[in-house]
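Following this line, the structures themselves.
Note that chain A is present in both complexes that follow, paired respectively with chain B and with chain C.
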Partner chain A sequence: MTATQEPTAVTHGGTKPAYKYIGSDRKRVEDPRLLVGRGGYVADMKMQGLLHAAILRSPLPHARIASIDTSGAEAIPGVIAVLTGEDCKAHMNPCMNFGPSTISQYPIAVDKVRYVGECVAVVVAESRYVAEDGIEALEVEFDELPAVTNPHAALEPDAALLHDEHGSNLGYERTFEFGDITKALDDAHLVVSDTLHWGRSAGMPMETSGAIARPGTNGVLEVYCNSLNFSYLQFLVAGALRIPSNKLKMQPVAAGGSFGSKFTAHKVPTLAAFLALRTGRPVSYVEDRLDHLMNSDHHASDRYYEARMGFTEDGMITGLDVDVVDDYGAYLQFGVGTHGNALSQATGPYRFRDLRYKLRAALTNKCQQGAYRGFGSEVHNWVLERLVEQGAKKLGLAPEEIRRRNFIQPEEFPYKIPGGNVYDSGNYPEVLDRALSMIDVEHWRREKKRLREEEGRYIGLGIATTQERSVFSSTEFWFWFDEPAFPITSSPESATITIDPAGQFQLLLHCQAMWGNSPETVSTTVLAEEFGVEPESVNVSYADTSRALPGTGPGGSRYTVMVAGAVRGASRKLKKKLIDIAAHSLEVSADDLELVDGRVQVVGAPERSLGIPDLAASAYFFALNLPPGMESGLEEAYTYDHPYTTLPSADRSDLGVFYPIMGHACHIAVMEVDPDTGRCSFLDYVAVHDAGTVVNPKSLGGHVTGGSAQGLGTSLYEELAYDTEGQFNSATFLDYLVPSANEVPPFRIGHVETPSPYTEYGIKGGGEGGRMVTPSVVSAAVDDALAEYGMHVQELPVRPATIVETVQDAIDARQ
Partner chain B sequence: MKPPRFLYCDPDTLEEAVALKSQHEFDALVLAGGQSLMPMLNMRLAGPEVLIDINGVTDLQHIGRINGTLEIGAGVRQSVLEAHSEAAVAVPLIAAAMPHIGHIENRHRGTVGGSIAHADAAAELPCTAVTLDAVIVVRSERGERQIAATDFFQGFLTNACEPDELVVAIRYPVTSPTAGSAFTEFARREGDFALASAGAVAEVDADGRFTSVAIGVGSITTKPVRARAIEEALLGRAATSDVIKDAARQIGDAVTLSSDMHATSRYRRHLATTVVTRAVAAAAADAQNRSAS
Partner chain C sequence: MTTAENPATATDTRTITLLVNGREVTRAVSTRTTLSDFLREDLDLVSVHLGCEHGVCGCCTVLFDGESVRACLMLAVQARGHEVETVESLSADQNDLHPIQQSFAEEQGLQCGFCTPAMVLRAKEILADGRERSDAEVRSDISGILCRCTGYQNIVNAVQNAGRKLSRGANGGAGTHDGVGTSAVDGAETEQATDIDRAPGFDGPAGTEQRG
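Right, the complex of A and B next:
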């Protein structure tokens, strides 16, 4: 699997400023240490007296815990403690929760288990081996309850209740209507409808979630952790642990991937912290793969749709009507934020104005959902594109043509969509044209016919476009509720730049940034652009919560935009100080000075200059050389707030601006499908993305490639499957099929740049786009390949069995 | 994912290994390449008292012709067999099947005897053994015996070894130089266990008619099986795609595995037919090429 890059097209009239570092195709600064095994992951940490925890996972989907006999485990030499839900009830508060307060959760099940894999008890021992021996020695009596596995059945009045206190398995329900959908569909020339199911998959980082908690000095509990967006959410963990937030110090540790899954993965650090508090010793809890697959709260959307779309005779979309039941599993940690995401780009890149969106969040005996690349918007994209595809077919339009007709035009931005979110900028026809220029679609259409006739092979083309919203604002988490408990409007990011006495740069980041998003490459590139020093010369470190400024971390494709804003803000402050010192030393006006390539020089007389080391020496050691009243030292911090957020209206007829930095993408795939085995393979694949100003084509290309590979997994391979009894069938990588380099085609990548008018340098987020398009493209291509058999993808992943059975049914029907 | 406590034995010689197996019988498991056993240990699906690690037993690592057979020591790494040109000439079906076993990293570690002894119905080497009427050589302190492959594989992960016996070698009859060989399988991803697999070895006469044909099928029931009814149906018939496809259809009736998340039973029946059709067709084509050259 390799990716190739086409050169970048600049779309804003050739006026893009000439950047020296931004946009250059440089190697990532993170890679040297990662490639030689010096990442420093949590499982590599050694600590005196460290204990290890293992978890007994529920074998049953739904049961009351009648009794737990811990004596056998406690008798094993090396077992230090056994903890159960009773300990949680006695010594902690429920975990952080953005869903209804009637659905509470602890890191160890209290009274009931609600899914296979839920934590029943924890054994803490001197090694993980002994801890697992302890797990085997536990004796638990369960009183089984009926398993609720079908989300529609869960909403029936006679269904067994997951949470008695909540009173039903309907976690949440709301219908938003913008415009007049009834009229839009009544007046349509054609209405297409579909019943669709997007199956569960999840980000599968190489490294699972893990944490070490250690009782430190002064009563401070130290937590070293690769998960949880700690600078945003630490106070909630402290609240669950019943300790003051200034006595909980969370230190981010390098993470081996997240893809969203670690963003709010709170149970792992909360549990490790609880175990350390109860035992008074340092405790490590690092998930193994079984733990991670069954219980890491990273299972993603699992949605059942009834959806309709209207078209005029000439293919203009008139409206979209969506009725979705989302199988959220046993808890609702985020509320229904994944649907807020869908609403941020509910109409896609298209111009229609009438939209209805009905959501029912079902509670079932499955692991709860968490975050995964796309955060629910990718599912909606798939539904939207499935309907557009169907409309094009029925109207006899080529897939590229129907999209071209419906695109919002470049001069219409900023564009307010039904619902209230604003798209900042874009040039969708150019992205489509760029993609079509990279692959000869007409050639492949001829080849498809020829190969079918001459060789009996089945080739299909898929074309899809997508919006790629970026830089979330937190209102999407609460505008669902009329009276939200905590209507947060902040999602800031911070950076601190220090120039040391020798003139070298330190850059301090204030969140768990190491989730595979090239945070150091991006932030040092911006710093380099501002000061004219090489990115590789900058040292990056990460604040713990005792020092951290406001931060929100990588999520919703926000980090590149936000850290660029923070670094640039801190740079401006620090540059001013450097110039003021130089002005004083050179006895010139600050207005006559500029910072060029690491030196402050007189405009028009660059021989009169001072280097940053000279200025740093003055700042630290020669106070009498500083302008009167200036503080010694060279350090500035800046907190960059979300560039464009507005409040939802009280009646929610307008949800406000909450995800305005809007990227766009077009993918085209040529696939071959074997009707006798169901094997799907790729003959070509083109992916063109517009993420505004590109900071680094290599790291952005990596995002497109990785995201598309994950989209491919969701489309054809990956499935977190529960059977009708609630048993979990995907607990190992034998059954959970992550595509490997053998399955992932070489993506040919192109970039278009439509800068955002609202962000520093015009950068847009680009971390999720690949996964937001691939499922639509694969579905369309598989349908196209087997069109003569009536293939119509309605469920992901597309299993080989479904392909073969569809073909066989069609053959049987002909006979 | 940490194994329970066990006694670890690391014999240097076959005699020592056999003695240990005789001593511990059911309580001992044999560690060869560990590609199946180590995950089972770590997930505590297996909990032996004793682990006999035969990786140091050099007596088990030979490949060579003996009395019209190709004998492969149980400890031979799969990647060594894959790269062995003499083995590929003697038994071309092995060479055809090897690339389907996991990934090259698995084959660097996995052994021939380990795969045979593990007796997975989806594994490639057991399927080739059944196809070719190979013989499994097992040894205990009571002596050595040879077990026909079709008798050796008894059911789900079950072989015919007595508790004191160790698999020491597998003997494949050397394939006729005029016979064609082919191995076909389908797995959802490269390197996964096949949802259905088929090995075929065939000879065709000058008129293009089958004069001999052997077909083994994996992953359709609890053990690899011969498709004897199809073999009989094909003998003497012209090796055309219609004839092969028509005969192969009856393999569907032999599928006993029930539906799982990767394959419905209806799909598996069709897939079994497909892989048998393709393997037999490819073997016949190979035979015709060999006759022509």
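Right, the complex of A and C next:
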């Protein structure tokens, strides 16, 4: 492997070519089936003889399982099997795991439970109702152990151990330093510091995770599931099940939302597969909401920060020093990547060069962590923006001004940040200017004063930015370790285009890609652009793992970029074949032919042409009309590798390029805060995003709006709460507050387009940015509204009680 | 799950007759079967989605004698003699969508589609009076159904668009109006919003209520 290579930039030269389909507001091709209620979700599948599983979940945060009496459940007519951790120990290997091997996990707890909600036993029965009767009839004896719930206390030497084999509750630890942070802060005119806590939330899609496994023919186990990365990880699931990978066929099923929660969600399909193997019958396991809230595949980041930032006298940032303890919960699972994400844009859109990032992953008696829209980078962005905000205040600079002074300039790209990742392109001043052109901040600053004086109302303005890294490379999952077990460098995506004998297009995608994003709209738009056929006329399907070409799946805002590359690659190959067939038939040189609106025609003489159906007929039925040596048929596949990734250096002084396709956003919010009730509402909100070339502005706007709504939830409402004893306090949607239409304002959206020099068409990812900036904006606006009471948001979500207490304390202190 | 056999607790079975999407159906059901499971499992009406089964998310919304209810909170036997409508009653043919479904497609009022049948049915219910609705009213009307994907704005647009379509239909094709909500935040100058997708008014209930 070569250490470093910069790809040749495909120049878009700042001017975008005119596209026929790309860039216009087209209706989504996914929608008609969803609108008639035929989304094809996993719970909608029916099968002969299908059994249903229900799970007994641990009521205790930390305990040894002394005994499980299954006889009562087994005696219930209709109960087929009861399985426990003993069955896993005897017949499975631990689940896939990206952390140290001393922290292993099975889909059913083995020997002890480590959080409230962990699976203790599974009842398989002829109906879900009977399975749940079975759960009621199980008798379990636990020997309670001390619960470890505070991540700092977890790291103390006398803390109870979650995993004896691991020897401590420190999952892993690493400090990266780039430049000289000590000097940068020592030399600074001003150093601001903060203690911050980003609370635990989760993607919380309306559809839970689920899987159906069925023993099929030839000893092949078929698994239908709504997890997202199955083609990337299928061999690891097979390994856990102790079956050969070619005897496990995973078939993607559309997901009703994910936002990270179904990213590598392997425990549900692994469990369903295990149940089918043990019973020899098809088994469905679909989480109910309680399962999903307390256990799901994972919750998201729960981080405690001590952070410092230095500034020169004129507001230039000199360095950032971050010390983070991440409350990972009971297992590591996929945790490393969430901090890799943070490092991919550790310095934000700003130019400073000195950075220290110290991470300690604490193991506690809570649900494990994983991905949620932003994948951990959104947390870091909040910390970064909190410090920038504080610096601006102390230096007497407006929030837009301090950012403008520190922005990387458009001519500096590609720009290598401390740590080694590269930002491909961008125009941050333009995004800021666009946002400022959509809302009159000076007007609002006057209104804030006037409304306070005349009406006693508290208005606050928040301005914040974010980088939106997109298109991850898998190196980020292992550069944390000096001797990684599997230093993977591939993260490809594939597409197969078939023109059938009648000239109709079939497009096969090779990963689970449909979860509410628009994989079919995007891929058929690209195909339409290449062939000049209507996007709606293309039929899209998804390969199962027995046929799937390399694919990594959606995540880290990579799918639009990657599938566009794959479809364009396959299109080029297939167009060449069409042109070669036509050249042979028309007896002209292939160089004199072009494909226009679904016909191959002679350049300058369009009346001499052949339509795709004619060419397809030749390809399938008239071999003697084909050029000598050409294979019959019209199908081409293409695997598009990551456009720009490099290896980390051995000493990790350079982490390599791993997330280079860099979007950017600026949000401005005007909020009103009621100091008596803590109620927060919005008076205006603008969101401007740069995701490179936009494929479908309306769809991208929808993702920005949806992501921002989730960011709002993270900021103000949502919390997966544990009490100090480790009990779980967010067991329903009445406790875990997903924002309703009443809480979400009508965001006003703007787009700026700075095409990527490294991707096909210049597309960048754009699925996550909304959630990556909202928390910073809300925090700044709430602070601004209640500045006279010394409001300073240090914890998310900002609870009404915190607001009321802050105000009350300030009033008390004055008296 | 099939509800016919339920030997475990030998729960009672009743035979019920009800009107579902305009057709009379008679089935034997276990008394503990929820209406949502009955519709999904026994009648194959899988548009009734289960997001929580706690009565909070609203994804299981169906029209019960014309009014929206959460099917997960009712037992199938309670529907005996009543009329139930699911989104299949508008159109089950994706090539021939009902005007409300068309409006959702035009405005992209959906992403994953999981809340969508519930939103479409709720739109049908609230638009039945033919009255034009502001952003704030629509937001309030749909606030009992959670959508995790869209951030609601495109759903609000879809409901308003559907209202216009339906009233055009009712008026024999004459359009009644074509503007979007233009009211704005107190003191805000709406004309600032020029080069954006659209500039809906910030007359959302969160603000309105407080400014009252």
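Following the convention adopted for this analysis, the second predicted complex is superposed on the first by the 799 of 815 C-alpha atoms of A that agree within 3 Å, B and C clash if a C-alpha of one lies under 4 Å from a C-alpha of the other, contacts with A are read in each partner's own complex, and residues count from 1 in each chain.
Heads up, the rule we're going with is that contacts are C-beta pairs under 8 Å (C-beta built on N, C-alpha and C of every residue); 3 or more make two chains touch, one makes a residue touch a chain.
Worth saying up front: this structure is predicted, and the values here are computed from it rather than measured.
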Key: Partner chain(s) touched by A:R679 [first = chain B, second = chain C, both, neither]   = both
Message = Under the stated touch criterion, which partner chain does A:Y717 make contact with: chain B (first), chain C (second), both, or neither?
response = first
Query = So, does A:S730 touch the first partner chain B, the second partner chain C, both, or neither?
reply = first
Request  = Considering only touches as defined above, state whether A:R289 meets chain B (first), chain C (second), both or neither.
outcome  = both
Query = Thinking of the overlay built on chain A, is A:V36 touched by chain B (first), by chain C (second), by both, or by neither?
reply = second
Message = Applying the document's definition of touch, where does A:G702 land relative to chain B and chain C: first, second, both, or neither?
response = second
Touched partner set for A:R128, first chain B, second chain C, both or neither = both
Query = Once the shared chain is lined up, is A:N742 touching chain B (first), chain C (second), both, or neither of them?
reply = both
Ask   = Counting only touches as set out at the top, which of chain B and chain C does A:A801 meet: first, second, both, neither?
value = first
Request  = Would you mind checking which one, chain B or chain C, touches more residues on chain A?
outcome  = C
Task = Determine where on chain A the residues touched by chain B overlap those touched by chain C, and list them.
result = 127-129, 133, 288-289, 679, 732, 734, 740, 742-743
Query = Which positions of chain B touch chain A when the two form their complex?
reply = 1-5, 39, 43-44, 186, 188-193, 195, 260-264, 266-267, 270-271, 274
Inquiry  = List the residues on chain C that touch chain A in their complex, please.
reply    = 1-3, 5-9, 30, 32-33, 40, 44-54, 56-57, 59, 86-88, 91-95, 97, 101, 104-106, 108, 110-117, 120, 135, 138-140, 142-144, 146-156, 185-189, 192-202, 204-207, 210
Task = Would you pull the chain A residues touching chain C in the complex into a rising list?
result = 27-28, 30-39, 41, 43-44, 46, 52, 76-79, 125-130, 133-134, 203-207, 254-257, 259, 288-289, 434, 437-440, 443, 447, 515-518, 670, 672, 674, 679, 681-686, 697-699, 701-703, 705-710, 732-734, 738, 740-750, 770
Remark   = So, in the complex, the side of chain A touching chain B is made of residues 127-129, 132-133, 136, 288-290, 676-679, 717, 719, 721, 729-730, 732, 734-735, 737, 739-740, 742-743, 799-801, 804-805, 808
